[in-house]
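The data blocks that follow each hold one structure.
Same chain, two partners: chain A is paired with chain B first, then with chain C.
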Partner chain A sequence: MGNQKLYKGSLQTIILKLLEEKDKMYGYEITQKVKELTKGELNITEGALYPALHKLEAEGLLDVEVAKVDNRLRKYYKLTENGTKETASKLAEMEEFLRTMQSIVNPKFSLE
Partner chain B sequence: MKLTPNQIQELYKFTRQHYVEHYDVQTELVDHLANDIEQIWQEQPKLSFEQARTISFKKFGVFGFMEVVEARTKALSKKYWKLVWGIFKQFFNIPHILITITIFLALYVSFQIFPAKWLIVSIGIGSMLVIGTRLFLLNKEKKTRFKESNKKWLFEEYVFNLGGSIGFINLFIQTANLSPLTISNIAIVVTSIILTSLFLLIYIITFILPSKIEEILENQYPEYKMV
Partner chain C sequence: MKLNKEQLQEIEGYLTKKGVKYIDIRFEILDHISTDIENLMEIISFEEAFEKVKLKWNKNFVNRSSFWLGITNSGPRIFIDKCIRIYKPLWFKSLFLIVVFVTVFYSVNNILDYSLVGYENYVSLIISIGFAFYIGLIIFWYIRMKMKKANTTYSYLYYKQIMPNLFSVLILNPYMHNSYITREHKFSFIMFTGLFIFFLTALGANYFYKKHSETVSNYKNYLLK
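Take a look at the complex of A and B:
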């Protein structure tokens, strides 16, 4: 397992990116999807996921839908119009961040 | 293997035992635990429901559901004040602005007639009485609603507790006592503006929002009408 601290600041961007690709998702599905995509490298904890989702919802970036599935109610999250715009800018920020880190950590790489 | 309706009810009970009072927060946690328990069963089918539940709950860490509840409360507080702000702004549009101007003028004229300190203190006491009475009545209504539905919603709690703003309003009322006996004309205008805003705020949180509770909950919770 990698250093979870390094991922912490990117949690919102990860959630937004996943929701951009899939119309709507529920909390547990997001944790599983991230595990699957990162082959278990990144494990989003429950105590971090829901606070992040609730914050995005309060900021108006996510909307919720509830459906009855398997004897229980399931809360789905999806991007609002503002959320879609914010996703694009967060992803751009993330790419910029990765490029900057790359030039610090591996300066040779950028010279090649 | 899927969880039975009884086991789902058990999970609701479990969240209540771990200090999650509100149905909306419980529901999300119940679905999460249920998904995780079903996943655990796929890997270890021999585990009992309770054993799988314990494994799943441990993943929430030492604070259990507390972090989730706290974050939810914080997020809803933001939504609450957004709602208040939205209504507040309406009082500066036509025709509501007439009410706002009337309150302002009434205050302005009163300050010309009565000593400032007396007026501010009386307004403070009056506001306190109104808020206190409303809080008492709303608390009663909240209990009746809970008895009828057997469900508490976090946002409902927020609206009926007046968004936890009592402390802030109390602070104003206490500082009222410090105001000077008479004040200059500019100070009268400023004080009248502040008091007008305060009146509107008190009116919004103690009367308007609680009276719209059904509409607010339906908007906030897609599941509100489903259960």
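Take a look at the complex of A and C:
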């Protein structure tokens, strides 16, 4: 939980990665999926999730689809064509970053 | 456990009280809060779950304003933040285009040897037509947006950032046609920069109008039911 600040800069990459794996997701689903994947280590707050989603949407990386579920409307996010390209680029950047960090923090071990 | 109609209405009332009225953000938050409460209702009552969820969300609804949108324009934090995320990149793009325009226009205007003697009336006529077209377009889009009877982040930006520009027309009005041509009978660099800013505002207005229409059409089928 103390690592939240370290994760903060990677939030957009995390969202893009999740949407790359699943065709479309809604806000609450994203928070739960991240919690599940990180075994509760990373807890995305609403105050961090929605600004990130809205930024990606404004940049044209995400598209929106609305559907009626249980008497209310659900807004799904999905990757646009540009979003798919950006995801690949962001993931490559992230891998490079992790490799660099690994070589500084623990040079004996390699990610490869 | 699924929420009933009354419970959903109670959550909607909470959102209304907090000023979350723009459909692109309201339905999204309503769904998030509802899903969260439904999951909590497996172990606690609706009332307890709602209070717990409200505690998480309240800080996102604190009233705030921003320099980017004008300090008199305030709203719930989550909404204002969304507006800034849309508006700020457009502002920087516009600034870049203005710098390019100013550089090119100023250089070309100084290098070229020309005289507008005898063309004053034509220049004035073209500017007047341009102004009429600009005002007509901004009002037309405004009416079309109002007719859709739904508020979105984009309609808010249109009303707060584009509409006030109509008042600027009074400052840069077509009747000041003498100011558009300098004493050296050339185009006035300052006045044409003003016109270019109006042109960019029209592009911004078109963007907000299109995005508003797109957002409303996403929800249209459900809003009518």
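Heads up, the rule we're going with is that the second predicted complex is superposed on the first by the 108 of 112 C-alpha atoms of A that agree within 3 Å, B and C clash if a C-alpha of one lies under 4 Å from a C-alpha of the other, contacts with A are read in each partner's own complex, and residues count from 1 in each chain.
The definition used in the following text is that a contact is a pair of C-beta atoms (placed from the backbone, for glycine too) under 8 Å apart; a residue touches a chain by one contact, two chains touch by 3 or more.
Since we're looking at a predicted model, the values are computed, not measured.
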Superposition on chain A - do chain B and chain C clash or fit: clash
First, second, both or neither for A:83, with chain B first and chain C second: neither
Touched partner set for A:51, first chain B, second chain C, both or neither: both
Partner chain in contact with A:72 - chain B first, chain C second, else both or neither: both
Common ground on chain A, meaning residues reached by chain C in one complex and by chain B in the other: 26-28, 45-47, 50-51, 54-55, 58-59, 64-66, 68, 70-75
Chain C residues touching chain A - in the complex, by the definition given at the top: 2-3, 5, 8, 24-25, 27-32, 34-36, 56-57, 59-60, 77-78, 81-82, 85-86, 89, 215, 218-219, 222
In the complex, chain A residues that touch chain C: 26-28, 45-47, 50-51, 54-55, 58-59, 64-66, 68-75
Residue ranges of chain B touching chain A (in the complex, touch as defined): 2-5, 8, 27-28, 30-32, 34-36, 39, 59-61, 63, 67-68, 70-72, 74-76, 78-79, 221-223, 226-227
Touching residues on chain A, where the partner in the complex is chain B: 26-29, 32, 45-48, 50-51, 54-55, 57-59, 64-66, 68, 70-75
